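Here you go, one structure.
We call the chains A, B and C, going by the order they appear; numbering starts again at 1 in every chain.
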Amino acid sequence: MTTTFEDSRVLSVEHLSVSFDTGKRNTPPVTVVRDVSFSIGKGEIVAIVGESGCGKSTTGLALLGLNPGSNASVKGSINLAKKGGQTVDIVGLRERELRRVRGNDVAMIFQEPMSSLNPLYTIGAQIEEALSVHRRMSSKERAAEALRLVSMLGIPSPAKCLNSYPHQLSGGMRQRVMIAIALSCHPGLLIADEPTTALDVTVQAQIVERMKQLQQETQMAILFVTHDLSLVAEIANRALVMYAGQIVEAGPVSDLFNQPLMPYTQALMRSRPRLGDVRHRIKPIPGGAPNPAALPAGCTFHKRCEHAVAGRCDTQVPSLETTDDGLRQVRCLRWRELRQVPQCAPVLQGQPS
Amino acid sequence: MTPTSTQPLISVSHLRKLYDIRRGLFSKLVGHVHAVNDVSFDIAPGETLGLAGESGSGKTTIGRSVLRLIEPTDGAIRFDGKDVMALNAAGLRDYRKSAQIIFQDPFASINPRMKIRDVIAEPLRVQKIHATERDVDRRVSELLDLVSLSDDYKDRSPTALSGGQRQRVVIARALAVNPKFIVADEPISALDVSIQAQIVSLLDELKQRLGLAMLFISHDLAVMEYLSDRIAVVYLGQIMEIGPARAITQTPKHPYTEALISAVPDDRPDMRRKRVVLQGDVADPVSPPSGCVFRTRCIYAKPECAQQRPVLREIAPLHFKACIRDDVL
Amino acid sequence: MREILMRPKVQIGAFILLVMIAISLCAPLIAPHDPTASSVMFLAPPGADNLLGTDELGRDILSRLIYGGQSSLIVGIGAAVMAAIIGIPVGLVAGYLGGRVDLFATQIIDIFIALPGLILALIITAMVGPTLFNLVLVLGFVSWPRIARLVRGQTLALRESVFVEASKAVGARADWIMLKHVWPNTMRIVAAQFALTVAYSIFTSASLSFLGLGMPPPTPDWGAMVRSGFDYLAMNPGMSLAPGAAVAATVFGFYLIGTSIK
């Protein structure tokens, strides 16, 4: 079924759920992503932020049909805009069609570039291989294009890099090579799953700057999956906060950081030290992330939430509500009443009454 | 060297660690990796010194060398007035009662086959600190309480614990012998973000309560500024700058520190520093650049920088930098 | 531990072994005849009185089969125990201390592993004479290097682990570390190799006795039974096949356990 997006959307995810079979008899499958819906427009950078186990990586993988193994079951729809203008639903696509889409219309880079690069082939060979899958070029054109891509990513001595093997390069260079490979076929959407987590902070800064530049030039949309809130603020236009498999808050990044509406987002912000924040005593979130196989009743965050009200938050399940201006979404039973109390700057020490 | 007002607890001078590189059939010595290249610093009792740097800076090697878990090639280490380098096996065992370490990976640093009780009790048993098993058990309960774990953790197996819980066990083990000094080698890097906050708070509370001196090694500058009194910035085995924590992060005086601080992402647009993007990658520790090792990536480099290695000189009270230029920062 | 016992391979192997061991232990109770009693009814085909027939000296094959397990099991398990007693400490010390001690030990281990075990056992047994005690010693002597190599490999790997470094950081000595950290993490692999060593030793002792260097007559011995049955295969194949099957089953049982303990 082919349709097109009326507006300039690149991706539209509706009611995505991913569950895994545990393999044990008599236990129901574990749902890791629950009813997630969002969209990404052309040229937009959207971040999914959350801790490990919240389902952000699984969501990213689902967008490429990469969920591991036969024990994953994916429901909902993932509508991706292809180059011709038509959309295709990733959910339910056969492997052969998925291969046509991957790399061409949507590409992905991972946290650990070493595992995505074949140690037996030179960098040049691997880039050219990626090019040959989706584009029609002579081998001379491919070599030239590989050189161009690698230079574009700011790699010093690009020709030498093309002749090197993955283990000869540093982590930052390898990640840049990964980005070059991902960009080689000009996909409309790039999914970056914690691409800089394993890198030094100066290398991270280099790569983030370069990604922002490239994005400006190519108007490619980026879905950036990370646990680093500050990175989100630097790179993204919009952010989705995930907790226990669901989106719990979403909105433009500047609004989100100025006035987080969901207590989890607020707690997350208050729990990290920030450079130069002299007065701020960090307040860690008590407890740990919930086990997706045994979620608490009511709001999944209520056990760790300082605003939880007995009788409400532990029994009622909050739904994702939209703010009046239509720009933001919150999943909290009490967000409207909590919003009245000014707690915009997460730096405040006192408890709101 | 950096003098402090009271007698320092630890005094490290001209610490060096070289690793041999051997090639060929006969393992010929062809060069050295300068992992730690003439590093000196002091830590006062109860003070936390942060060691900031990226991969390959040598900060982990420095931490382990101070405890002689790695044998330094050269240099002097004094702890509480004693010469650590001259200690024999018995003296070294005694040193380990006063100086302990917390490792980065909570999954690797606990023997998966031991019960938690035995993991925490190990230092007590090895050092023969308590006479009876009952005393040992009582101390283990005390320690579990100190790190906010309930007493029933004693009989659990490490495989049943989460990363954050294991790291608490690791901290409890380190504190078992009542040390005066702890080397914390990236204690939170392997943990999940909200758990990191819990462990940072725990470390903060414990070091104040117990008056511990700490060498806090990390690549996370925000956490380092939060926990440290002073910070030393390390690059390619050398200290580039050392001074009070706030001064280092707010008004860095060395080009590398400036680049490092500016690279940290921040969600407050007004607080973001102008980003200094360094060129290229870290220089080769086998043949470091002549003169100032940072000059190959420094945006303020001059020809004079290649001539001599800059000495750490005092530019403000207790604030030192290794750079010949005074006109840029 | 419990999890290991749940595995089907382990259960089958353990079942086979328990049956074999039970039969051997209860031999005096179940064997219909005296295994060493010869009679004039030699080479009788299987019948009501002798379920498997009699051998060339008129002895009941079934009874000899039942009793035969005893020496095989004693030799097999005894040899493995000896191999463990020598191999484990050598492996631990060589692996942990490294340096010249390790170099020396590795050379010896490698030489032994390079020599074919059966030939070596054959030569030594021929020199010292085959008795139960000698067989245990010889086979243990032939098998210890493999255990040592395994233990050494594990020790080398564990030596570099972080929790061993953590133990050193609290002041632990080498013997403490070996006992409390290295050994407990090596036990399981050693147990697997132990089972395999028993399997190998039983098979090798059966081979030795097939070649004439096993337990001296009249002690019933599976390998020797196979040998003597060779000449009469046409008349009573069971004479060779039954003891052969017994050896195979026992070896298989230990093999199953050994390969699934990992």
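Note that a residue touches a chain if its C-beta (ideal position, glycine included) is under 8 Å from a C-beta of that chain, and two chains touch if they have at least 3 such contacts.
Predicted, not measured: the structure shown is a model, and the values here were computed from it.
Ranking all chains by how far their C-alpha centres lie from the centre of subunit A, first place goes to C. By the count of C-beta pairs in contact, the leading chain pair is A-B. For the pair subunit A and subunit C, the distance between C-alpha centroids works out to 57 Å. Subunit B has its Cα centroid 32 Å from the Cα centroid of subunit A. Between subunit B and subunit C, the centres computed from C-alpha atoms are 53 Å apart.
Residues 54-55, 162, 164, 192-198, 200-201, 219, 221-223, 225-226, 246, 249-250, 259-268, 271-272, 275, 277-282 of subunit B are the ones that touch subunit A when the two sit in their complex.
If you check the complex, the residues on subunit A that touch subunit B are 51-53, 156, 170-173, 200-206, 208-209, 227-235, 257, 268-269, 271-276, 278, 282-286, 288-289.
Interface residues of subunit C, counted against subunit B in their complex, comprise 161-163, 165-173, 176, 180-181, 184-185. Within the complex formed with subunit C, the residues of subunit B that make contact are 67, 69, 92-94, 96-97, 100-101, 103, 105, 108-114, 122-123, 126-127, 170, 173, 176-177.
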